[in-house]
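Here come two complexes built around chain A, the first alongside chain B, the second alongside chain C.
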Partner chain A sequence: MTATSPGAPSGTGRRLLGLLAPRTYGWQTPAATAVAVLAALALSSALIAVTGGSPSASVQALYQGSMADWTAWTSTLLYTAPLLLVAVGACVSARSGLFNIGQEGQVLIGALAAAWVGLRLAITGPALLVLMLLAAALAAGAWAGLSSLMHRLRGVNVVVSTMLMTFVAQQVVAYAVNMPWLLQESRVGNAPVSPQSNPMPPSGLLGSFGEYPGLQVNGGLILAVGAAVLVAVAITRTPWGFRLTMLGRNPLAAKHAGVRVNALGGAALAISGALAGLAGAVLLASPVGVNRLQPGMAMNIGWDGLLVALVARNRPLAAVPVALLFGVLRSGGGFLAATGVPSFLVDVVKALLVLAFVAPPVVVALARRRRSGGRTAGPRQEAAPVAEEAIA
Partner chain B sequence: MSAADDISTILSSGIRLAVPLALAACGEYLAERAGTMNISLEAMMLGAAFGSVATASATGSATAGLVAGVLIGLVIGFVHGNLAHRLEINTFVVGLVLNALMLGLTSYLITISSFDSHQVAQVSVPWLRDIPLIGHPLFVERWPVYLLILVIPLTWWLVERSRWGLELRAVGEQPQAADVTGIRVNLRRRQALLWCGALAGLGGAYLAVGEVGSFNQNMTAGRGYIVIAAVIFGAWRLGRTLLGCALFGLADAMRLALPALGLTLNSQLLVVAPYLLALLAMLVFATGNREPKALGQPFERGST
Partner chain C sequence: MRTVDERARELTPPSTPALRLRGISKRYGPVVASDDVDLDVEHGEIHGLLGENGAGKSTLMKILLGLVQRDSGTIMRGDTPVDVHNPQAAVALGIGMVHQHFSLIDALTVWENVILGDTGRIDRAAACRQVEEVSRRYGLPIDPAARVDRLSAGERQRVELIKCLRRDPSVLILDEPTSVLTQAESAELFTVLRHVVRAENRAVILISHKLAEITAATDRVTVLRKGRVVFHSATRDTTPPELARWMVGRDVSLRAEGAALGMLPVDGAPPAGTAPAETASPGTPPSEDTPPTEPPAEPPAEPAAAPAPPAVAAAPGVPSGGAATEIVPALRLSGLTVTTDGVTVLSDLSLDVAPGEIVGLYGVEGNGQSTLGDLLSGLLLPASGTVELAGRPVELERPGALHRAGLGIIPEDRHSSGVVLDMSVAENLVMKSVGDVSGRGFVSRRKMHAVARRLAAEFNIVAPSLDAPVRSLSGGNQQRVVLARELSAGPCVLVAAQPTHGLDVGAIEDMYRRLREAASGGVAVLLISTELEEVMALASRIAVISSGRITGVLPTAEATAERLGMLVGGVAA
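This part shows the complex of A and B:
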């Protein structure tokens, strides 16, 4: 497939289309995506209507909770930050051909490390926050790196090991907050202790820009957008990014071209883990939660961030608006219950939307390939850069 | 209570916890031998658990609920098969999305509806139930448990002795070669997912209308992933996979029984045991060429 195929818009138009449907220049994919998204929304509305709710009231509530005023926007952005961090990390590993699906656990490990630094190291001032973030990135990076190590030493499938490690991470955190000598909250008088840590000290909290009635932009968001830009530049504008993409597209060719396959793949996996770990530290240190380490604090941010990357087709900058959309859904979901529609609806909407974004390019590429009698080799990887377990 | 009673109680609860795992594992095992790493197993079990309770409540028959569970599993298997092995969307992506979808959908629906409680009948085998220690755990059970007697040999026969199973294994090991000999690779994989869906549905339905009699939010709570861990732990052999299920069921039963027994064993360790054992098994056996060669890789004619 080349850029000169019939019906391909050129110049700016193509770039705009490319934002919506990266790397597919025909009109079919955006059109199919639009149809699929409409179908997903129609299905969701039908679900609300069939179960006795009002679709329009639900949309109203979603809007109210996520975008109606500055407070709502503040809450939306609070969710957007960790989602974006996870998604940017997922982009890095998927680009390298290694599919990391263990972000939910890496988020928790990051939060655990940050909580330990925040509560156990006697440091005050801004240095504490920096150390917390560093510790989160390092710990979660190492956690993801374990999967890479297992892959390298014993050929263990990365998808499977990152998935299994998620459940291990959940229990590690549950253990830490159940052990007084680790991170369980200290007993006050005779009050019962819960499986959670003490609250973070004030210097271990992420500040935000803006005052209460207005928009507050949390430090976590700035971190996340910064990471997205940095990774986007690194992937598209540096030799490292070129090697990474080459590795993802064709590991054998990359190897013959002199790419150190294992080191690069391992680094990609560790980076994706580190960014998920940062998301965990952001969850811990920003007012999205209660600023305590809790076993349930990841709130499926890891899984959702992965879905964000899928919708953004592994492009860090495209992940920014998608993460915002997911943040809107999360933030608005809390307002749904008031209309008699359970907030779980947003999970259904999210899943259907992901399907609506993921399926069309693959279907279009498949149809195109079938039409050309299977002779063109190109579009398969173009349309589905989602990694296959590739490195031999 | 005597020690024998304690052991018998833990065994009973271990078996009850292992049965849904074992049913689903027979399905997952077959799907993985055909090359599909099916992580939508969780969606199949969860959807079936919900559907079985809803159907049982509507019809008043727990057996109808069980059948509905199987059907829902089949539908999810059908959807997964067509998305992953017809449209060729990455199978892990399909699984993740289906899991998220079913978790959201069942949570949504259970919040706005309430169902009557129904349970399938208990079967108590005379004579055998009086065997000390193992008699009660093994021979006083809800009847779907005894479907395992049928399902396990059937799965084994299908994979190891039938022509269909030979083709499945070929598809899981060497899809290109299988394709050349005229086997329709993606069709076989879709069929394997149907088998997987039916059995995972049965397992999920058993969990709901068999053991508990009702549905609660995220009822399967990761059991689908435990089954996947069991198949890995079993190094893609049916016998060892089932052994893994029994072991993981027992670990779960121990965790639940510990407080009553007054023992202080780390409960997190017991929860995490299946995953750790699966990881360990992969580390030990991974290079033993046990894994189907094409596991998790999409097949497309003409690609290498």
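This part shows the complex of A and C:
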């Protein structure tokens, strides 16, 4: 009766998370999801109304900021790319049964490495961009790999270590942008310097297809979609993906079948880190931000990317539309905040929507078990003395 | 005994059955798992339920327990139809079940597992006391404070039984409860059960592939085939061969049947189908009063289909104890010592298996067999000692080294380490040879399916489809998936741990044939078994393991029950 999912860690957690595994309960799950989404929207409207906003105006603003015209779509897609990269990485590690939740830090490490290459290496032309991306992937991959190493050498829980490493990463980046010899911006005249790097040189920026005011598709999105397709194929079609799935679903059997459990798990973790690192490089090099390394530049993309993977149930291709939805919420949410709705409400709406997508299968499964309200307590208490009598 | 009488009066009068099933049907797509099943279980009886692998026994019981929803039919408790939608409802109706596969949580202790699902305050002392009480009462010794992941398969089975028995169910369902218990343990369990069932007017449904157990322990039997009830009788009016015939639909060979019966194969015994079950008289564990009157015969002539033995292979069945020094042993274990948590589980274990030879490693469950199995599976490393295959030492630290060196292993606990339940039948069948079904970096579904189709046909694996998850297979068919994969890998050395557990009579026969065929093809077979009949029927030499040591190696011809008994007890012969 235990259910295991591709994305579950070991033991009891595996069982609990198994409830999130894709499963079919006929029409009930889609119906429950629809109801849940409507409920989430209704609740969101109520919250906006309670805090003094107008729900209809808010929806209008959300739409305006994310989908109303090509400019809005362009900004939506700019957010979609890093979200998708993080989510695809999360799919890889979750498939192997190791939960990497340190993407927020890995994004920063990736951005740091890319910024260093972009600003400190005297390279021009397309090679610079390629090197930046490579450096970001390698650095963040190694950063995530550290957690795997800690797990192997000291048995440190991967979930805990990847998360804690996020705080270390934030300190490292803060340090880097505060040290002039490292990456802090150069002083211009007497102007005060901020804790940020210089802007990336032009050859270190990701170009876009399309012209303002039309739709612009940034190179970062192409990279992200490419990664999603590549990872989807690798996971479902190659011997490597086969072993990864085995490892995630039954580590013991995988070991038994000769899978190098440690190496494969470490690789999965490193790959998920590398993809988060790429997301960092994209944040740095695409017009979503100011093209400078800043301590706050990850903007919770790492955490949101995890949510994307959660809603997509660790399927890289399913993550594409989900990342787009989250992109809509981000760019629309920015617009919404501009209309006076407190920005934390946007986060609340996002959380409600995630719950609306993630909860229904679990609820349906539990409802199935609970139906007809059986009692859990058996007649055991009063039965014990009887048992004694019987042998006497 | 007053309380018991009161309790008996509380229950429905014995004239109405404790449990009545009428027209129960259940389909899984095209598979009919239960087909219009009628079954009555009386108060005070042990009811045997028999059938081939995949006949629908477990499904029927899961329906009773509310784990599976039936398509049609009624369940009656006494005279009232009841609605069992979930396990809680079943518990409320006093129905308890011990499942075919373990449902314990490894990281918890025995008492924690036993009280799991209780509501209210946790009282450790009371829980431990209860565990001890139940274990004493039913003769299932266990340490309540032990962690479950440290227990052997047999001990886990005991915990499962205790967990269920503690709830004092009035209808108790046991789905192959004794496959990992020793014969003495299961005999004791059934003696106590029988007593309790009579005295307290309870009912037991017992599923088992061991016909001896069924004839010894049950009052009535029902045989299922392809989901239908095909035979029903009072146990004393039928014989094991008749039951076997009803199950499989044909006669089964003497040896397989002997193993299923728990009888030692005896030369010159009448052929299957006519042999009365004289050794399986109810109430007596069969092997104790039937020592081998004659050494078993040489393995029979090999089937023509068997591949020709390589030139180096020793003649099959020739005892090679001591005289086989010229031949490089295919498998050589030397000085293997394994210590876990300061306890020596294997101590200085050495054993050779020559090509073409079947060596039986016999002993009571929990004497280091599972550790040896884990070691040969590459799941743990020895503190000292080496494993050599065909004269070459194996680097045990390298993952998959044993597999690459040509060692195939049928693990003891196939459910946890042999299959990935959520992957498909086809994927499980090619699990160890993904490379062989891939081309240009991709797994070829076509090749994978071709291999899977061939193996499924060859090993009679009954599955809804090759893409169905292994989880949806019957217990015995899950076993066959592992057997098919390991036997088809063309190993030089085959380690088979309890290879016939959970298999039906027909499949046991098939398994024996395959092991013999493998040996005659030059494969060295190490058969790890707790069943004396099995070892006697297959092996040419028997090594006895006790407390992690080999206490003696005997040619099967010289192995008598007494000598083996002494060795099993740890006394060197």
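Rule of thumb we're sticking to: the second predicted complex is superposed on the first by the 339 of 392 C-alpha atoms of A that agree within 3 Å, B and C clash if a C-alpha of one lies under 4 Å from a C-alpha of the other, contacts with A are read in each partner's own complex, and residues count from 1 in each chain.
Following the convention adopted for this analysis, a residue touches a chain if its C-beta (ideal position, glycine included) is under 8 Å from a C-beta of that chain, and two chains touch if they have at least 3 such contacts.
The structure presented is a predicted model; accordingly, all values stated were derived computationally and were not measured.
Of the two partner chains, chain C is the only one that A:243 touches; chain B does not reach it.
Using the contact criterion defined above for the overlaid structures, shared-chain residue A:171 touches chain B, although it does not reach chain C.
In the superposed model, A:222 lies in contact with neither chain B nor chain C. Using the contact criterion defined above for the overlaid structures, shared-chain residue A:57 touches neither chain B nor chain C, since it reaches no partner.
In the superposed pair of complexes, A:121 makes contact with neither chain B nor chain C. Legend: residue contacts after superposition of the two complexes on their common chain; A:67 is shown touching neither chain B nor chain C. Legend: residue contacts after superposition of the two complexes on their common chain; A:255 is shown touching chain C, with no touch to chain B. Note: residues 374, 377, 380, 384, 386-389 of chain A belong to the chain B contact set and to the chain C contact set alike, using the contact criterion stated above. Chain B makes touch with chain A in their complex at residues 37, 39, 83, 87-90, 92-93, 96-98, 100-101, 103-105, 107-109, 111-112, 222, 225, 228-229, 232, 266, 268-269, 271-272, 275-276, 278-279, 282-283, 286-287, 291, 295-298, 300-303. Taken together, the chain A residues at the contact with chain C in this complex read 1-4, 11-12, 21, 237-239, 241-243, 245-246, 249-250, 252-261, 369-372, 374-380, 383-392. Listed in rising order, the residues of chain C touching chain A in the complex are 1-4, 7, 66-67, 83, 85-92, 94, 103, 105-107, 117-119, 130, 133-134, 137, 166-169, 195-196, 199-200, 377-379, 399-400, 403-404, 411, 416-423, 427, 431-432, 434-435, 438, 441-443.
For chain A in complex with chain B, the touching residues are 47, 51-52, 99, 101, 150, 153-157, 159-161, 163-165, 167-168, 171-172, 174-175, 178, 303, 306-307, 310, 340, 342, 344-348, 350-352, 354-355, 358-359, 362-363, 366, 374, 377, 380, 384, 386-389.
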